[in-house]
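I have a structure here, written as structure tokens, and I will follow up with some questions on it.
So that you can tell them apart, the chains are marked A, B and C in the order they are listed, and the count of residues begins at 1 in each.
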Amino acid sequence: MICLADLCNLIKGELKGDPGFIVNSVNSLYKAGKDEITFSVKDKIDLEKIEAGALIVTRGSKVVYPNLVIVEEPYQAFAALLNYFFPHRKFCESVDPHAYVDKTAKLGENVTVGMYSYVGEGCIIGEETEIHASVTIYPNVKIGKNCIIYSNVVIREDVEIGDHVIIQPGAVIGADGFGFTRLSNGTPVKIPQKGKVIIGDYCEIGANTCIDRSTIEETVLNEYVKLDNLVQVGHNVRIGRGTAISSQTGISGSATVGENVIMGGQVGVADHVNIADGAMIAGGAGVTGHIKTRGTTVGGRPYQEIHDWRRSHALYRNLPDYIDRIKALENKIKELEHKVNMEEK
Amino acid sequence: MICLADLCNLIKGELKGDPGFIVNSVNSLYKAGKDEITFSVKDKIDLEKIEAGALIVTRGSKVVYPNLVIVEEPYQAFAALLNYFFPHRKFCESVDPHAYVDKTAKLGENVTVGMYSYVGEGCIIGEETEIHASVTIYPNVKIGKNCIIYSNVVIREDVEIGDHVIIQPGAVIGADGFGFTRLSNGTPVKIPQKGKVIIGDYCEIGANTCIDRSTIEETVLNEYVKLDNLVQVGHNVRIGRGTAISSQTGISGSATVGENVIMGGQVGVADHVNIADGAMIAGGAGVTGHIKTRGTTVGGRPYQEIHDWRRSHALYRNLPDYIDRIKALENKIKELEHKVNMEEK
Amino acid sequence: MICLADLCNLIKGELKGDPGFIVNSVNSLYKAGKDEITFSVKDKIDLEKIEAGALIVTRGSKVVYPNLVIVEEPYQAFAALLNYFFPHRKFCESVDPHAYVDKTAKLGENVTVGMYSYVGEGCIIGEETEIHASVTIYPNVKIGKNCIIYSNVVIREDVEIGDHVIIQPGAVIGADGFGFTRLSNGTPVKIPQKGKVIIGDYCEIGANTCIDRSTIEETVLNEYVKLDNLVQVGHNVRIGRGTAISSQTGISGSATVGENVIMGGQVGVADHVNIADGAMIAGGAGVTGHIKTRGTTVGGRPYQEIHDWRRSHALYRNLPDYIDRIKALENKIKELEHKVNMEEK
């Protein structure tokens, strides 16, 4: 619990209300109780339904409320309060006696390793990093400091991971890329995948997401890349700083994705495609060619510029109408031809 | 083995044949041998190819066969016989000495926990529930009775699971939802995900499927929801009773799916969308807006009512023909214009 | 390290250069250093940017380079060199004392089992097969010789796997197929899945890919089938020899895929569909019907023959133009009608 004065200090908010009011938790707008704080980025809210003890709004908001906290960035304030009221719990306090850490591995201060986890030969793990239960870290992996590696994550050999990285359960980092050649009789032959995966600071990798190692070069996620669940990142892909990719999207081999790109879910990016910084890719889009212009928004499969796609699609939905108009035209032309020919005679 | 009289008793079937005939197993229509029983829901079957010792058909069927068992619901009879001839085998008989169960966890009678599995602080597991090998259950998880949790499942903290739930291998329940805000310079900042996931009785979750925890409220699967493999359920989603969702479908954050909805594979549902009870969504559809009418069937990406979509798509396939007709019209118009202008002169 | 003469021997290459030249590694075209070998299948390369000590080209290439190695199949030569310079490292050297192998299981010579892995009752594992850490192998599984099963793989009961098979981390083989029937009130009832999965020699299964067991018959991958990550193979599916399927593709229940079929990513194949040998399915395609002709290439969702689809799609992108032309025609017809009617009077 915290009084509103201290809370405002924590989230750099301006208080219009009782500084001594005690807040016990944070909750969503219509679920927060009398001892809880909540937030709204909208002015149109149903004040009668709100029971919260205090309300956070954006500077400039017209909402009136007994205990009002005005901030510049309500989502950031909300994030800060979630961390305050629901502090992160470590999975365990040390290297569990039922974990295996190879004697050649180097663990920084306060590294924790959960039960049934495996840290291979030559691994280097930075201070404060948490490895939960049943994680497998193959040899020669480097992981930075302050990372959280959830249960059942597999990190294959030679992968390099920066600081403050979070990897959700079941993600697989550094599995073999999908590389084959075929004999003249068609039989596929595996091309060994001996490259590595490099993941920058502050990245987050979703549950059961896969990031493949390359044949010989690197698959790279720069800092602050955020991947949702069940995403596929093919071998040799490069993803720029701050890019966020939603669930079930697949980036094919050797594609290059710029900085601060935003992709919806179930997007497909073809191999060797380049996507410019700041591009926005609508969910389900199929990016089969380069996106060259910074900040372009695209949709559709195959993709088009978003307005073109919306227009094409609207016309597509109206095809039955247009086809009727073609038929009407054909009939009228026949009539006219008939008339004109009659007159000629 | 069982005689046909007892078997009919088991599946509430009416026998036309030898009650003493011994059945040793159940098999598919054209693979069942002389000592096996099989079933068909169709009347058109190739009797010459069938060797089964007995045949189950639906009441009203015209099929004639030496040992015929007539039932109301042949699929349910088939399911019952599969369970009879191939009874479920428990993974293990107790809490394995190489499993970890926190001393504060409460296990009901006959709960089994396989090797290398972890049951955290404060967990409550109902009677007869089976936890297989290498499962990680974070603290404060509640699991009901008679559940089966297959190997490598990860269940994050505070998740609540009902009775008779089956979770296939590798599923991840309660990973962090994909929630970020961005600083003014574009850098993404994680919004902590402190809500929970609630799964009702008789649900089944497919292999490597992910169900995310929400920021602060709940992600909810009501009773009898059936999810196939590799499905993504975003944070704060609610799915109604009896809904079945096929493989690789993704439900974005805060979407609400009604009861007894049926979704094909690779469907995408946009965030905050509501889908009415009994809706049917064709495989690959992109549900970008609300489906308001109960029982609506949709297809396409973006979605349309299924007949509209089929019509639009048929026209789309015939576009080359229609474009030719536009060109033909243009030519005829030119000719006509010419003639008319000549006459005018 | 190896001298060029020996290296040529290894990859059956013809040397134009110094047979005593020492090669220390293999690298990509523009990253290889003076002591490394690289390869190119193209003639158009920027020789000034290449520093490699030796270059492999295809017979017939016009590239001139100090140490040139001419081969018939440069990708195969590259694969051989990757294996030579980066030899496979075994995960461990024996059955780890912290692994569980049931006393009824039969392990061939030199089988290795990593920590925290479980090999159930009645399993048979062929010689030289490697099972890494935290793998769960349910009872009565057969695995051939020289296989590599990466960490966190789950193989359910009764699955049969051939020789030389590689299974990437997190894959789930033999989870229950998605089979339900519904009571008259709509409540879904599970149909038990008691069949098995059979995987042929030289198959490779990607990370977090799922291959479901069938109700009573078999799900079959023939020899040399290559599945990328996050692929779904439904129950009762059959996939022919040498077929390669890219990431996030889903094959619905009872579909039959021919030999040497190539599928892009995010393809969806409907249930009970048959696909002919040698078919090529473009990424994102939706195969909703049979592909009957050997070697057909298709694209689009729903699918069309690839040229038809390209043509339809090109017209689709030009719909705004065609709609304008329809409108222009309508205006002209009106004018003409007016003129003709005036003349009539």
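The working rule: a residue touches a chain if its C-beta (ideal position, glycine included) is under 8 Å from a C-beta of that chain, and two chains touch if they have at least 3 such contacts.
Worth saying up front: this structure is predicted, and the values here are computed from it rather than measured.
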{"item": "Interface composition of copies chain B and chain C: same or different, split at half", "value": "different"}
{"item": "Rotation, 0 to 180 degrees and nearest 5, that superposes chain A on copy chain B via CA atoms", "value": "120"}
{"item": "Centre-of-Cα separation between chain C and chain B, whole angstrom", "value": "25"}
{"item": "For chain C, residues that touch 2 or more chains besides their own", "value": "116, 134, 152, 170, 208, 230, 248, 266, 301, 316, 322, 326, 329, 333, 336, 340, 343"}
{"item": "List of chain B residues in touch with chain C within their complex", "value": "26-28, 31, 73, 75-76, 78-79, 82-83, 85-86, 89, 91, 98, 114-116, 132-134, 150-152, 166, 168-170, 204, 206-208, 224, 226, 228-230, 242, 244, 246-248, 260, 265-266, 283-284, 301, 313, 316-317, 319-320, 323, 326, 329-330, 333, 336-337, 340, 343-344"}
{"item": "Residue numbers on chain B that touch chain A, as the complex places them", "value": "100, 116, 118, 134, 136, 138-139, 152, 154, 156-157, 170, 172, 175-176, 178, 180-183, 186-192, 194, 208, 210, 212, 215-217, 230, 232, 234, 248, 250, 252, 266, 268, 270, 286, 288, 301-302, 304, 308, 311-312, 315-316, 322, 325-326, 329, 332-333, 336, 339-340, 343"}
